[in-house]
Structure formats: structure tokens, C-alpha cells
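Letters are used for the chains, namely A, B, C and D, taken in the order the chains are written, and counting of residues starts over at 1 for each.
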Amino acid sequence: MSIEQKAIEARVADGFKRANFIVDLGIEATACGAGWVEAEMPILPRHLQQGGFVHAGVQSTLADHTAGAAAATLLDEGFSLLTIEFKVNLLRPALCDTLQCRAEVLKPGKQVCVVESEVFAINNGEKRLFSKTMVTLAVLPVAATLPR
Amino acid sequence: MSIEQKAIEARVADGFKRANFIVDLGIEATACGAGWVEAEMPILPRHLQQGGFVHAGVQSTLADHTAGAAAATLLDEGFSLLTIEFKVNLLRPALCDTLQCRAEVLKPGKQVCVVESEVFAINNGEKRLFSKTMVTLAVLPVAATLPR
Amino acid sequence: MSIEQKAIEARVADGFKRANFIVDLGIEATACGAGWVEAEMPILPRHLQQGGFVHAGVQSTLADHTAGAAAATLLDEGFSLLTIEFKVNLLRPALCDTLQCRAEVLKPGKQVCVVESEVFAINNGEKRLFSKTMVTLAVLPVAATLPR
Amino acid sequence: MSIEQKAIEARVADGFKRANFIVDLGIEATACGAGWVEAEMPILPRHLQQGGFVHAGVQSTLADHTAGAAAATLLDEGFSLLTIEFKVNLLRPALCDTLQCRAEVLKPGKQVCVVESEVFAINNGEKRLFSKTMVTLAVLPVAATLPR
């Protein structure tokens, strides 16, 4: 494994473990490279909405956080990211044991970064796409992304 | 209190209590009427992202669920809702003890409903807006919103 | 060419020619199939914004209309479409002689349809992506999509 | 009229007159102040889609451009704006003689600016809202917003 790939993996792992809400939901990174990250989470009863489907907020959290991690793989030292906005299309109600996500950077940038996230489950070897999200992130000096 | 207002309150309360993820996050409805709902949640360490701010996924969950509840106040018997899509603009990093949300129906409909949600905190009597979300929901017969 | 392909082409051509604003901008369909449409337009000085780039509104029109056409290729007789919402990410300022668009249906549906559109130019044989749009359309009986 | 108000009006007028596509559509600014702009356009047959309603692309152009102008009223000298993304909810099909728009800055910023635009018509003294748009703009040195 290249030094760069090791650095990417360390950065991604760090970005998941230090985020309380991500740990609380059980979301973990499973693979990554320059410009992309994959993550997954086990779906438990506490993740559901009133109808018994995975809550849109769970899908959005997974999509947004994985997108931020994908953008972070391309970031210069000393910089960090904050999500400016995202838009999620929920294509069908989500029902599964494990929710997966793949985020890919569509447009890196020095000021703004755009990432696409797909949230899906694999069922009998087939990919079932539940939602697709476009995320815009601001690139900022690390200090600007921490509480004062 | 009118019979209609009682029915609205019962429906809204039900929509929050039966959603596991909402209960898990600690989100509760605080006020409602025809076409609008207010909700709030205490912010705990487990709701934060890596920088120490409230995670965008927490804000989105609050915004989306409260929007759905607002739309539900205008729904005919026998119908339910599923979020089709939403878009959230995160205006500034969120730091607070209690996160509040007010959702108002912008356009009710027999097939599609559009709702605006604002997520904010009150600090020293002043409203600090953290995010604004536009939510589109599909109106469906109840059976179509439940797992088969 | 199959009868179905002929019917798709006729429907798509019709959807571009009967839309005044599309004819006015010079947008034409160039290829199509079940679930996708490609279109293009020549960029003239009148399509630019104050900086000299293609106006975002031009890109949005091209993306939205081509998306509607892609959704229409999958529509049952007697039904038509109205755009409910779309979100466009403008990835870089657009400068070109000919703007192209490819729209693909991400999720067909009896009530709601979701389509992705990419707007780009081909420069020296290379694709330059200017914007990506997610479009949600309502499927309605034809009469509901015409002025009363 | 204050010097500041005069400067705002001059800047807004300039931003509409120098944009070819805006002149071509017939869009004109009608009022403005610090953080907001109003604009309108006459609806002609060439602005319609296939069903006879105002094309979504026309509404989007009006919403996006007026939003940019609203953000520009708060800009420091030497800076300009580019739209990063916008999302429009089309609430009902638009049918009218004159389309109006009011854009208000929701969150100004040194790097990113968020603006809301409402597109509507006044009919018999009553406001009919056709669409609502959230626009995110990047604040950039003027040179970065011009073709190289």
C-alpha cells in the first residue's frame, strides 16, 4: 500500500471515529481512495421511522458524512470542511439489515467541493438504490471549522 | 380547544412517538396547528460531529420529521406521507443546548406537499437560524407507506 | 428501428418542438431511447450572463427540459409530466460554442419520477461537465397538465 | 435618497443590463435595498412550455438572477459572485402576464452567500406564489468571475 493511500485511510478513519453522532449510529468507513469513500451501518430498530422504514435522517447522515470524508481525501494539510448544503432524493422506502454508501467527489475545489453520495443495500447480490444526495462543502482553514 | 385542534395534536404526538429514530434522538413536538408544527431536542455530546458542532444529520432529521408532521396536520383520513426529497442549507455551524424547529406547509396538495423547516436555537432571547430546509412529500394511501 | 423506438423519437421531438421557450433558445433533441434523452443548443451572445459565461438559467432550462423528455419516454398513454422541483450544481463557469445535455431516469414511477441531467461541452474530444441537476417530476393525467 | 441607496441601485441596474440573457428575456429590476432586490418580466408566448405555462427555466432564470443581484447589494468592492447551486420548488403551474420576483439574502458571507427567491404574479391584488428557490453563491475576486 502506498504512503498516500495509508494517509488517506488514516484521515478517513479519524473523520468517522471522532464524530460522535456517526459512532452513535454505528457508521463505519469500509473502503476509500483519493476522491471516494465507502461506508456502512447496521440497521437497528432504533433507526426506523413510524412506518418501519429507515428514517430519511439516517440516510441523510450517512450520505452527508461519507461525502465529507470523500472530499477530505483530497484536502491540503491545514484545511477542513463544513457542509454548506445538500439535497437528497429518496427514491424508494428503505428496508434492509445493512445500509451502504458510496461517495465520490464530482468537483474538487480550493473554496468549494461537490460530492455525490449513493445510499443502497445489497440484497441477493443486487444493489438496491434508496437515495442519491448531492453535497456542497466549503473548504476552510481548520481553525474556522472549530467552535471558538 | 376545538375538536379539530385536539385531533391535530393527537396526530402530531403520535407521529413523533411512533418513530423510533425520533425518540432515540430525543425530538419532541412542542406546538402545532393546521399546517405547522414546532419541535425541539436537547443537544447531547452524542449528537455532535468531529468539530464539536451539531451534526448536519441531526439538523436534517429534525427538519425532515417536523416537516412531515406539519404536512400530516392537513392530511385526509386514510392517507399518509413519504418524503420524496429535501434540500437543506446549513447557514452557520450549530452550537447550542436545545435545537428548535418550526415547519410550515408552503403548498398543500392531494399528490405532493411542500414544507419549509427552519432549525434554530434561542440564545439570550434571540433566534439564531442554523439551517433552512425545503421538503417535498408524496401523499399516499396509508397501505403504500408501510412495508409489505 | 423498432416501432417502440420510433414512438419514443416522435414523442421526444414533439416535446421539444411544441415548447416555445425551447425553440426560442435553440435547444434540439439529438438522440433518445427508453429512459434517456440527449439534447444540444448553440451558444449565442444572447445566452450569456454579465461575466460572459453561459447564464445558469440557460443551463437549467436545458437540464430541466431534457429531464422531462427522458421521463416522458417511459410514460403511459394519457399521462404527462410537470416538474415539481430541481436542484442544479454549477460545477464551473460554462464557456463553449455548443452546450450538450444528457438526461437519464434514475427512478421511474407512477406518481413521481426522478431524473439526472448533465450539462457539458465537448472540447477537443474531451467532455467538460458544467452542471449536474436532479429533477423530480409529477406524473399526471394530461388534462391536469394543461391550463383550464 | 442616501448615497448608499444610490450606489445599490446603480449596481443592481448594471447587473441586469449587462447580462444578455436577462435583457433577452425582458427581465428588469424594479426595486432594491441592502440585501434584497425585486424584478419583473412580461410573459410572452415565447416564454411558455408545451402545455402553455411559463417554462420552469424562465422562472429559474428570474429567481437565480434576482438572487445574485440581492447578494451583490452586500458585496465589498472588488468582489463578484457566481452561483454555486440552486434548488427550485415549483408549487403550481405558472400562468400570468407579468412574472415578479423578490430575492432576499438569508445569510451573507465572505465566502458563500445564501439567498431566497420567490417568483409570483399579482392577480386581482392577490399574490400567487409559483415557485420558491434557495440559491447559494460563491463570493470571489472579480477577476475569478471573468473568462480568462
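Points to keep in mind about this one:
Keep in mind that, in the parts below, contacts are C-beta pairs under 8 Å (C-beta built on N, C-alpha and C of every residue); 3 or more make two chains touch, one makes a residue touch a chain.
Predicted model only: the values in this text are computed from it and were never measured.
The set of chains touching chain C and also touching chain D is given as A, B.
When chain centres are set by their Cα atoms, the one at the greatest distance from chain A is D. Chain B and chain D have Cα centroids lying 29 Å from one another.
Remark: chain A and chain B have CA centroids separated by 22 Å (rounded to whole angstrom). Averaged C-alpha coordinates give centres for chain A and chain D that are 33 Å from one another.
Among all residues of chain C, those that touch two or more other chains are 84-85, 87, 89, 114, 134, 136.
For chain C in complex with chain B, the touching residues are 84-85, 87, 111-112, 114, 134, 136, 138, 140. Those residues of chain B whose C-beta lies close enough to touch chain A in the complex are 14-15, 18-22, 24-25, 45-53, 55-58, 60-62, 64-65, 80, 82-90, 93, 95, 145-147.
Per the touch definition, chain A reaches chain C in the complex via residues 87, 89, 91-92, 106-107, 114, 116, 129, 132, 134, 136.
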